[in-house]
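A, B, C, D and E are the chain letters, set down in written order, and residue numbers restart from 1 in every chain.
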Amino acid sequence: MTSVLVKDLTLKFGALTVLDNLNIDIPEGEFLVLLGASGCGKSTLLNCIAGLLDVTDGEIHINDRNVTWEEPSGRGIGMVFQSYALYPQMTVQGNLSFGLKNARMPKTEIQERVARAAKVLQIEPLLHRKPAALSGGQRQRVAIGRALVRDVDVFLFDEPLSNLDAKLRADLRVEIKRLHHSLKNTMIYVTHDQVEAMTLADRIAIMKGGIIQQLDTPTEIYNRPTNKYVAGFIGSPEINFFEGAVEGGGFVTGGERFALDGYSFQGAVSGGPAWLGIRPEHIVSGEAAASLPVTAEVTVDLVEPMGSDTLAWATFAGMPLRIRMDGQAAVGTGDRIKIGFDPARASLFDKTTEERL
Amino acid sequence: MWNSEARNVADAVTPRGPKPRPRFSRTNIMLYGTLIVVAAYYALPLYVMIVTSLKGMPEIRIGNIFAPPVEVTFQPWVKAWAEACTGINCDGLSRGFWNSVQILVPSVILSIAIASVNGYALANWRFRGSEVFFTILIVGAFIPYQVMLYPLVIILREMGLYGSIWGLVLVHTIFGMPILTLLFRNYFTSVPEELFKAARVDGAGFWGIYFRIMLPMSLPIFVVAIILQVTGIWNDFLFGVIYTKPADYPMTVQLNNIVNSVQGVKEYNVNMAATLLTGLVPLIIYFASGKLFVRGIAAGAVKG
Amino acid sequence: GELEVTHWWTSGGEAAAVSEFAKAFDATGNTWVDGAIAGSGGTARPIIISRILGGDPMGATQLNHGRQAEELIQAGLMTDLTELAEAEGWTDLVNPSSLLESCTYEGRIYCVPVNIHSWQWIWLSHDAFAQIDTAVPSDWNEFAAAAPKLEAAGIVPLAMGQQGWQQNGAFGVMTIAIAGLDAWSKVVIDKDADTARGPEYAAVFEAAVDARNFAANSNVQDWNLATNMVITGKAGGQIMGDWAQGEFQMAGQVAGEDYTCLPGLGVNEILDTGGDAFYFPVIDDEETKAAQMALASTLISPEVQVAFNLKKGSLPVRGDVDLTAANDCMQKGLDILNAGGIMPSGDMNLTADTQTQIEDLMAEFWTSDMSAADAQERYADIIASAD
Amino acid sequence: MSSSSNVRRPAGLFRNLSAKIASIPMVLTALVVFVGGTAWTVLYSFTSSKLLPKLNFVGLDQYERLWSTRRWLISIENLAVYGFFSMIFTLLIGFTLAALLDRKIRGEDVFRTIFLYPFALSFVVTGLAWQWILNPDLGVQSVVRSMGWESFTFNPLNDPDIVIYGILIAGLWQGTGLIMCIMLAGLRGIDQEIWKAARVDGIGTVKTYVRIVIPMMRPVFITALVLIASGIIKIYDLVVAQTNGGPGISSEVPAKYVINYMFRAQNLGQGFAASTMMLLSVVIILIPWAYLEFGGKKRG
Amino acid sequence: MTSVLVKDLTLKFGALTVLDNLNIDIPEGEFLVLLGASGCGKSTLLNCIAGLLDVTDGEIHINDRNVTWEEPSGRGIGMVFQSYALYPQMTVQGNLSFGLKNARMPKTEIQERVARAAKVLQIEPLLHRKPAALSGGQRQRVAIGRALVRDVDVFLFDEPLSNLDAKLRADLRVEIKRLHHSLKNTMIYVTHDQVEAMTLADRIAIMKGGIIQQLDTPTEIYNRPTNKYVAGFIGSPEINFFEGAVEGGGFVTGGERFALDGYSFQGAVSGGPAWLGIRPEHIVSGEAAASLPVTAEVTVDLVEPMGSDTLAWATFAGMPLRIRMDGQAAVGTGDRIKIGFDPARASLFDKTTEERL
């Protein structure tokens, strides 16, 4: 069953078109992540769904009800904000019950719901504190609780973790994932952190300039990015790109040429200028490299040890090449190493359209 | 200069710990010297007023205005407060004081209430044209009052408020609106927008958000607004003269009258006592809320 | 009923005088609510007028009669007193009759004159002249001759409050004394600029330059402070209207003993007949109306006229009262009045606008070193454009 | 909670209705008082209204008369002198004091309190206090004379040539504290790392202020300037209390001229013409400011 | 040769001791990174070295000269700030040359130096722009340039990249590393980002509460953290800790017991309560696990795919266990998997002192 349906949504701020004829269909219980660089319109889309912005054109349906002109509180959504947006002068209890009081719910039911939410989020001991007396993680939990008590069908999250430090972010990420597992609500989650997107999402929508570039599962997006932008956006360290051309089933770049055996083209194999993208972690170095379809020998320019891994920078076919190695790898600047990769794991993009070949 | 001094010392001992700095360096003497001289200049008038108000007239005539009183007398204060005459009304400043209080309280409440709601609407509920009105309002703050004095007489007359305290309250509300609205708008704009969005998702409306969310959060700005308005309205002279009748004259106008309605010789001590009495309310507010006052002025002005 | 009465009589002598009105009015069973406005008429008038225009009129108010109230009357904002006046026969009582004429607009009477004020006086301090061992002068010329001596003794020869209306007043007095009544009426009544440019006026401006020098060290603003200088012997004399007498009286000084007054500067004994009048703004309330009529009647009643004018130092508006209690100066004034040495007041003939312009010119003249010729030229220009 | 499945778009006027209702006082003030009142005054400045406003147009007569009136010219001249020096000294003193206070000195609070307290006092109080201090017979002049310097003359309030400086002294005393506060806030708002960078670059304190900090404080200076300027044009109470325009008319100011003609000389048209000129001068000040504030931002 | 020497440095703000008797010796040409949580005193230490703070006690030597009482400009240091601290009203050229002009350097030399720095940093086309017209990365480069033109021996960086977005941060990180390679100046770099620290540093000083916890090479810190704090601070995903005890050459926890063969104790092997830390990437899963000294079978609670890797959460000995696996690993929630690790790669810490055993 469709839980949230966005139909031909357009939103303009004056002359600036932020969202352009956008369509998404989110089935019930899905965890959808909106991912994109800053300013691409993620928050705007979320605010449109929540009813906090008036759409310029198009419709929004939630649970098969056209809510385009409905007030935010009448849409059956709950929203969690980046800055937590807790009411500073109210206790945690007050924060949780504010929305329910506004809806004139009976006192006993309010108490019941608050108690339930507090239990789920393990914030019972905090109920009588004010937000100022809470840590970042606790605040975030209260913010989630505020959506929880309202018993809504759809949760909207706008970068809920980006104000937290790395460690806490990792922990709360896991908690949100657990929450989704147990509640099974529809969740729409905005972030610009790809790790969050990859780990949390059932499906990811990658946005750029108000347009969805690719809407698919994390694995699919990681392995088969639909265009060059997506390929470059997803993955850290960044994917390596080589400019060249597809010629008779092989790829030619900077004097080198290698076969593309095993690469599954989208349509018919066509020649022409193209980009080849290969992820740093898909490049194998050392002895194991020899057994792969494409091999080469390169000189290491720079080594960045990161503890668990090591990132080596080399030059291949005149272009910089990142190679991810094991943290214990003993390479140094100036070493010559053997590398290899499997074209099946690479991605090819048309030079002009930048679409996947 | 510093370096050479430091070198000289360095020759003697190995530098360790904090750099030795002479307590009375030339820079410090200049710095504190200037500050103290200027502070004396600023403090002097208050001192002179206080000293003069405690002297008797003969002492004033022969003495030096800076000299402390030989014989302290509170008679001038008593006279200024309760006996000084304007015409045949000899009840001193006390009447003006109560008039000022009667003008002050409703003016402050009304102007702040209206301006805060305005600022809130402008910050969070923008509608078509709201910015235009706001711009007019801000530009209006710089229009000389003189341009609007007479039209306001007509407006008040048409409303039947001319000459009454409520007329003056309205005038204060109108002329206080630009700066206060700006103050509140800036403040409410600085309240995270997400808070406002969260409240809307929680189903609160215009007034719900104002009273339940915004008001409790804006105590500091209210304090600032109150300070600005209390001092501003208390110190007003022009509107008090033009829009009220003598029976309702605020204290500043009364002060000017008492000081200028001389009978025989000028009683400088009474005048100074009266002057101090008039300045007392804003001074107390200012000394009591020193830091807030400063913060408020800075917040209201630097952002504007 | 209660009646709020506004006026600008706030100096010592004035306040004492006005209480006489209040007392008498309260005795009629009404209540006088005092609305004194400090400062000169210049400060008070705008307040009074704007209140009347603003729809919040007081029950009664002091105004100089003359053209000031014209527009208010035209706008129907002033109560018509004709009935009361006819009933009490004011036309016969008021002397000189010009006083009532200036209260009359298109045949109806709108104000009650309460006193006659004349500007044509110089007040001399016996104490000051005693200090330089000179006899108290008997006219302006003697005074001018003694001035350098006074100056040398550290006494300010002529006390002068540095406000336009005082300076203008003094100038007016000198005009009558030096240029004479004819020249004056040509200029002020007929607005004849040529006369204003003529030799008679030139002499006046020359004398004014002298007076300006005499007053150079007079560091006061208010007229009563200037009077106080005369009272205390710090100044030789002051040209000021007869209301100054109230100040001498308050200070317990006796005319002829402690001070001397010379009408018309001792040169040309004519008094103008300006004065104060009370107007009654229209108020739609029967009780108030009754109180207004009661007040109007009280103000002009013989006993009140005597009591008030004795305190105020001015002359009563009715010729039928007994003023044996009056002092030396007042007697001099009464004598001149009875001898018909009267002239109309400038107030009645010039609009407030023109008055203001002349006052501004005088203020500038007295506080700068403007030459007599320049001042005269500019004076004439104002007269030329007056309406 | 509304359950209708097809909610209509609410009509434009009623969207945000509460906000619109709440803004009525502001809208009325802006339109009726500020725009309406100003327009009314400008309109009637072309009439020959005397005691009562009447629509008998006389073209520019009132303005011609205004500009040939000594008193107005003196007022303008006074305003120019007062404005010029007040602007310069307020900025100079305000900034210097702020910079001194910003040097992490002891007792900053005490100094700041002393510099600022006059701002809490009204102009009437200020004027009277300084009238007393400058009183030639009993004030500063006589004190200095009594200390032996007999020929010492400092009597601005009774000397028509310098009376405006006497008012300036009082005005500066009252107003510099505020500007100091604003400047101090501006200084405090400067990124501390800029100071550190300047120290590492070896730039002296004074030079850092002049070359780096002051240019960075441009918006603060502009705010201060606008505040000072709008205060200068409105100056009225101070003059009334301190000299009442005297001696003679030598310390008259435009605001007083307006009120004088509107209410005392009973020549409303003249008063309106004068106030329109005041409005004009504000516009002349405001337009460059608005240009700097808003025009500049768009390009930057 | 010693380039920067910090001797017995103590710094107090009133009663608050921020740095406590701190000693560091930095050889010439070293890239030292100060790493620590917010508020641990990193910036304070840097400011003391720069001379921007008066020390309470101790000495600072730069190039064997005691500069404790020297002005910042006389210490031969250049500093780059987090907020860039560019002079906003001067052009880039002005920013670079202002300090030199102030030192009354001849015009030609100034121009030469500015040109050289601009070339090194590739900001030549920007020389006539004002800072407001530059992007974040360009500003950062200008800020570095300002230190560069002064031809100093020691560069101080105070979180120079933390105002930039992730991608740009990664790029500039590499540039700074390259710059160090070519200039070979001593550099002291403050950050709270461990990836930056690991990749850039020759040595890392990990600070906590004004005290240096460990000062060593990145590899050493990663592999042999000196105490529990360091172990937990470094590494992402976070290290797994198990509470237990060392008993007769083995480690006992939650009913499990395994041998510690191959673990090199710091001193004599002693028994007693202890923490065992093992990094998620050192836990091997699947068939390869069988060959390792310690093995177990666990149930997966939650899987976080991150593209290049997958993070699995399991429970071991009653405590949560993070396991890093290959990005292609096909595990799902509820799967039972075999894991194993080598105690030689683990770390043991005393329960009370939290020092490495």
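Everything that follows uses one rule, which is that a residue touches a chain if its C-beta (ideal position, glycine included) is under 8 Å from a C-beta of that chain, and two chains touch if they have at least 3 such contacts.
All figures in this text were calculated on a predicted structure; none of them were measured in a lab.
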Please state, in steps, how far chain E lies from chain C along the shortest route of touching chains. 2
Identity of the chain that, by mean CA position, is farthest from chain E: C
Per the definition of touch at the top, where is the C-beta contact count highest among chain pairs? B-D
Superimpose the Cα trace of chain A on the Cα trace of chain E, which carries the same sequence, then give the rotation angle to the nearest 5°. 180
Could you work out how far the Cα centre of chain D sits from that of chain E, in whole Å? 55
Once you find the CA centre of chain B and the CA centre of chain C, what distance in Å lies between them? 41
Could you tell me which residues belong to chain D and also touch two or more other chains? 244, 259, 262-263
Touching at least 2 other chains, the residues of chain B are 242, 256, 260
Contacts with two or more other chains, residues of chain C listed in rising order: 47, 50, 53
Can you tell me which positions in chain B touch chain E when the two form their complex? 2-3, 6, 9-10, 14-20
Footprint of chain E on chain A - complex, ascending: 38, 166-167, 170, 173-174, 177-178, 181, 193-195, 198-199, 218-219, 222, 234-238, 279, 281, 302, 304-309, 311, 313, 324, 327, 333
Write out the stretch or stretches of chain D touching chain B in their complex. 12, 15-16, 18-20, 22-23, 25-27, 29-38, 40-42, 53, 93, 97, 100-101, 103, 105, 109, 111-126, 128-130, 132-133, 135, 138-140, 142-143, 146, 173, 177-178, 181-182, 184-186, 189, 219-220, 223-224, 226-227, 230, 233-234, 236-237, 240-241, 244, 254-255, 258-259, 262-263, 268, 271-272, 274-276, 278-279, 282, 285-286
Could you please specify the touching residues of chain A with respect to chain B in the complex? 47, 50-52, 71-74, 77-79, 81-83, 85-89, 98-99, 102-103, 146, 150, 158
Per the contact definition, I'd like the list of chain B residues that touch chain A in the complex. 192, 194-195, 197-204, 208, 212-213, 216-217
